[in-house]
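Common to both upcoming complexes is chain A, partnered first by chain B, then by chain C.
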Partner chain A sequence: MVNEKICIQNLSVRYGDVNILKDISTFFKENSITALIGSSGCGKSTLLRTINRLTDLDGNCAVEGKILLDKKDIFRDIGANELRKRVGMVFQKPNPFDMSIYDNIAFGPRIHGIKSKIDLDEIAENTLRSAALWDEVKDYLKKNALKLSGGQQQRLCIARALAVKPEVLLMDEATSALDPTSAAKIEEVMLELKQRCTIIAVTHSMAQAIRISDKTVFLANGMIIEEADTAKLFTSPQEAKTKQFIKSALG
Partner chain B sequence: MKRYAVSALLYLAAAFAAAATLISFLAIIADIMIKGLPEISLKLFSPVYDGENFSMLPACINTVFMVAFVMALSLPAALFAAIYLSEYSESETICRLIKSAVQTLASLPSIIYGIFGYLCFTVRMKMGFSFISGALTMSLMVLPIMIVSTQSALASVSNQIREGGCALGATKAIVALKLLVPAAKRGIISGAILSAGKVVGETAALIYTLGSSAEMISGLFSSGRTIAVHIYAMCCEGLYVDRAYAASAVIIIIVVVINALANFAALKSREERW
Partner chain C sequence: MLARDNGRKSMKISDYFESLPFLMSAALAVAAVSAICFFLIAEGMPVIKKIGISKLVFSKSWRPSEGKFGIFSMILGTVYVTSMAALIAVPTAVLTAAFMSKLCPTWLYKVFKTVLSILSAIPSVVYGFFGLMTVVPIVRNTFGGDGTSMLTASVVLALMIFPTVTAMAEAAISSAAKENYHSALALGADKVRSLFFVVLPAAKNGITSAVALGIARAVGETTAVMMVSGNQTAMPQSLLKGIRTITANIALEIGYAADDHRAALAASALLLFAVVLSINIIIGILGRKKQ
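Showing the complex of A and B:
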């Protein structure tokens, strides 16, 4: 019996008149990494943003269907802010806040009521270690986060997301704006985090999906074409569209 | 060939317009400084105004109080109104309606505010010619400008910051106050400077509300005059145009200093981001 951390049932998402996702059903296993692949505009980012209800921010966006987090309906049984605390997100472009490294990490815990300096210090150290950034910044915690390099900023964003102890981590092409060395570091971090998080990652890199994910979901035109264990999907895809996509994506 | 002629003509027109702007600006400054600076004497800064010294010190101090009080009233109000418009209001129609109302208010001539302030605060609410009725009128006047500038500063903050805050489970209020306002600080400050400049330079809206008593104000309900009103009064009386020039020179220096300070503060806060 697999533990389904997130279960998606007949999900459709529309922006105005455009159907982005059409009647999608799938699930994401606890403590695993799932890769979402597909060409640009296939709806994979939208799927990710529906899971933490960031789609709510856009008035034009209409969602139908159900998403269950630990069997609870995220649209009915869980408040949006509570949901986003449990389901963290790392964006394509690093988006640290214009404040110190320390305050970036403390931002989440502080808004959820953690005030004690001792607790915050501990959270800062732990999350920065988890994001493999501690050794590089431990002497500069007061430095403005915008002074960090792109790769460091992205790891800071991971640490910031981890600071509220999310159960699920959504990563929207989190390495695509980074150089290969920084990307490799983040992949290592993801493999490490799998122990305590369920990770869902949108990626444009097939190589990355193969390296880090346990399961891969292939979307096209807002529909799931095929999903399987990563090794299986890439070695023996069942659908013609999948075969074609993998072939063209791997070159 | 014709195209070159047109473009040369356009270039000349643009250069001429730029030069005319610069020259008229410099001419005004030079005129006021040349006629005004020699008139400045210690007498003009005596603590108490009388018919001999025509001291502008009380007016200077009144102006400072006026600017501070109007800012204290309108900055928070403008901030929250702008946050509502840019982050909360769901209905586009209402939002557009409020925005166009605000923009219309921002372009009304100041005498309209003066008459309104006179009828509403001075007469109806029995505040008389007083600092408080002047300050309320000025707040009404600068509020639309500050709302518009604050709102556009907030709107120009990258969506990535909003999403980043939201994704951590922050409420809209926290995202707005802790992330967007600090990020929009520069735009908000420049709107406030613009408004402070308006307060310093305003006469029409103040004559019928603050009044034009030449003494330093002694409380919320006492009448007074700001420097601009002082200049206006001096000119009106016809006999003291030289003093008006001196006061004008002082007001220009004050405005330059305020602008320099504000720019310095903005620069400083940017450096502190370290």
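Showing the complex of A and C:
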């Protein structure tokens, strides 16, 4: 029996009159990478944002159904701030805070009560190493984070997310704004991270899904059309829609 | 930079004719600024030369009938009233802007937007009238004195610059750092902390321009302040005593001033013009930095 870190049960998400997600049920295995694929507007980003309740911020958003994190209902049994500490997120566009590299990393831990410089130093080094950024920035920790290159900024954002020791990491097309070399570095980081995190990654790149993910979920029009082990989904898709999507996406 | 230069170089003569109406309209604005500048210098320079810039600025007595043209008390009046108004309006405006852009529900946001645009459209004289009828009696009854005072003027002025600063700061906060805000929340930070430690710092240039614009407006504001500030030319003594601002001084006396007196008023207008111009230049520099 695999450990289901996150379990989604009959989830529907509506913005005003528009149904973005329609009665979705699936699960995400612990210590694995799951890729969410599908064309733009299919609801994959909304699914991601629902899992750490960033959808709470959208006034006209209505959520029905359940999401369980370690069998606990994220809407009823876990506070939003605690949930977001446990379920981190990396966004499409690198977005370091306008402060030093060090303070970017320390922001999360400081919120959660870690004040000692020794602890923070250690967190900074560990997370920057995990994000494969330490060697490039270790002598410039006081430098403003916005001075880094795009790829470095995104790795900093990963390090920043890791600094609060999340159990789940949501990645919303985290490599799509980057050059291939930087993207490859981040893929390596993701493979490394799955030892201690459950990763759910929205991606537009089929090649990337094949390279890094264990399981792939294909969404279309707010519904899950097909989900399977990545190798299986891409080599022998069962649904006609999946076949068509993979064919057009791979060109 | 490059793209812009290319765009201009490739213009043909026929293009210039097409853009002539636009060019002429733009030229009108430049001409107006130049004309004002020229007029103020022409009117004000002789008296500045005659009595000296330092005597004009630092001498404490303004007695036109005796040929004493020191505007120091009015400069202080303007500085005090402006800074106190900023002290009241800026924190309130920035908090309101932050609330509007990140914390309040959509329907309330629309209400605020409408209220702000109404507030900024109310004529100055109406603010003055409101100040005279409500703020003046409140100050009089609470603190004594006759109610027309530095405090009253500051409160009315704060009310006037509040919508300007709020609207601009709100735009700056909303456009800056949406992703930053979400990232901070995604780290488990609460909304207030995310706002103060991530969003406001990211919007600081925009907020600074908003504050600078508010101050520029406060420095130039005349009618409302004149109606509630008492207008004594003596040195400002306390919050509850009257003061006169530079703008009020010009408005009050230009009707009957002649010769040196008139020139001294023009010179003080020149001074104001220089101050507001510098504030605008600072706003411009801040705006460029942002990009």
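The rule is short, and it goes like this: the second predicted complex is superposed on the first by the 251 of 251 C-alpha atoms of A that agree within 3 Å, B and C clash if a C-alpha of one lies under 4 Å from a C-alpha of the other, contacts with A are read in each partner's own complex, and residues count from 1 in each chain.
The criterion applied here is as follows: a residue touches a chain if its C-beta (ideal position, glycine included) is under 8 Å from a C-beta of that chain, and two chains touch if they have at least 3 such contacts.
Only a predicted model underlies this, so the values are computations on that prediction, with no experimental measurement involved.
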{"item": "Clash-or-fit label for the pair chain B, chain C on chain A", "value": "clash"}
{"item": "First (chain B), second (chain C), both or neither touched by A:164", "value": "both"}
{"item": "First, second, both or neither for A:111, with chain B first and chain C second", "value": "both"}
{"item": "First, second, both or neither for A:178, with chain B first and chain C second", "value": "neither"}
{"item": "Which of chain B and chain C A:95 touches, first, second, both or neither", "value": "both"}
{"item": "Contacts of A:60 with chain B and chain C, given as first, second, both or neither", "value": "second"}
{"item": "Which of chain B and chain C A:144 touches, first, second, both or neither", "value": "first"}
{"item": "Those residues of chain A which chain B touches in one complex and chain C touches in the other", "value": "52, 54, 57, 59, 81-82, 84-85, 88-89, 91, 93, 95, 97-99, 107-108, 111-112, 157, 160-161, 164"}
{"item": "Chain A residues touching chain B - in the complex, by the definition given at the top", "value": "52, 54, 57, 59, 81-85, 88-89, 91, 93, 95-99, 107-108, 111-112, 143-144, 146-147, 157, 160-161, 164"}
{"item": "Chain A contact footprint on chain B (complex, rising order)", "value": "90, 158, 160-171, 174, 178-179, 182-183, 273-274"}
{"item": "List of chain A residues in touch with chain C within their complex", "value": "52, 54, 57, 59-60, 81-82, 84-85, 88-89, 91, 93, 95, 97-99, 107-108, 111-112, 157, 160-161, 163-164"}
{"item": "List of chain C residues in touch with chain A within their complex", "value": "105-106, 177, 179-180, 182-190, 193, 197-198, 201-202, 204"}
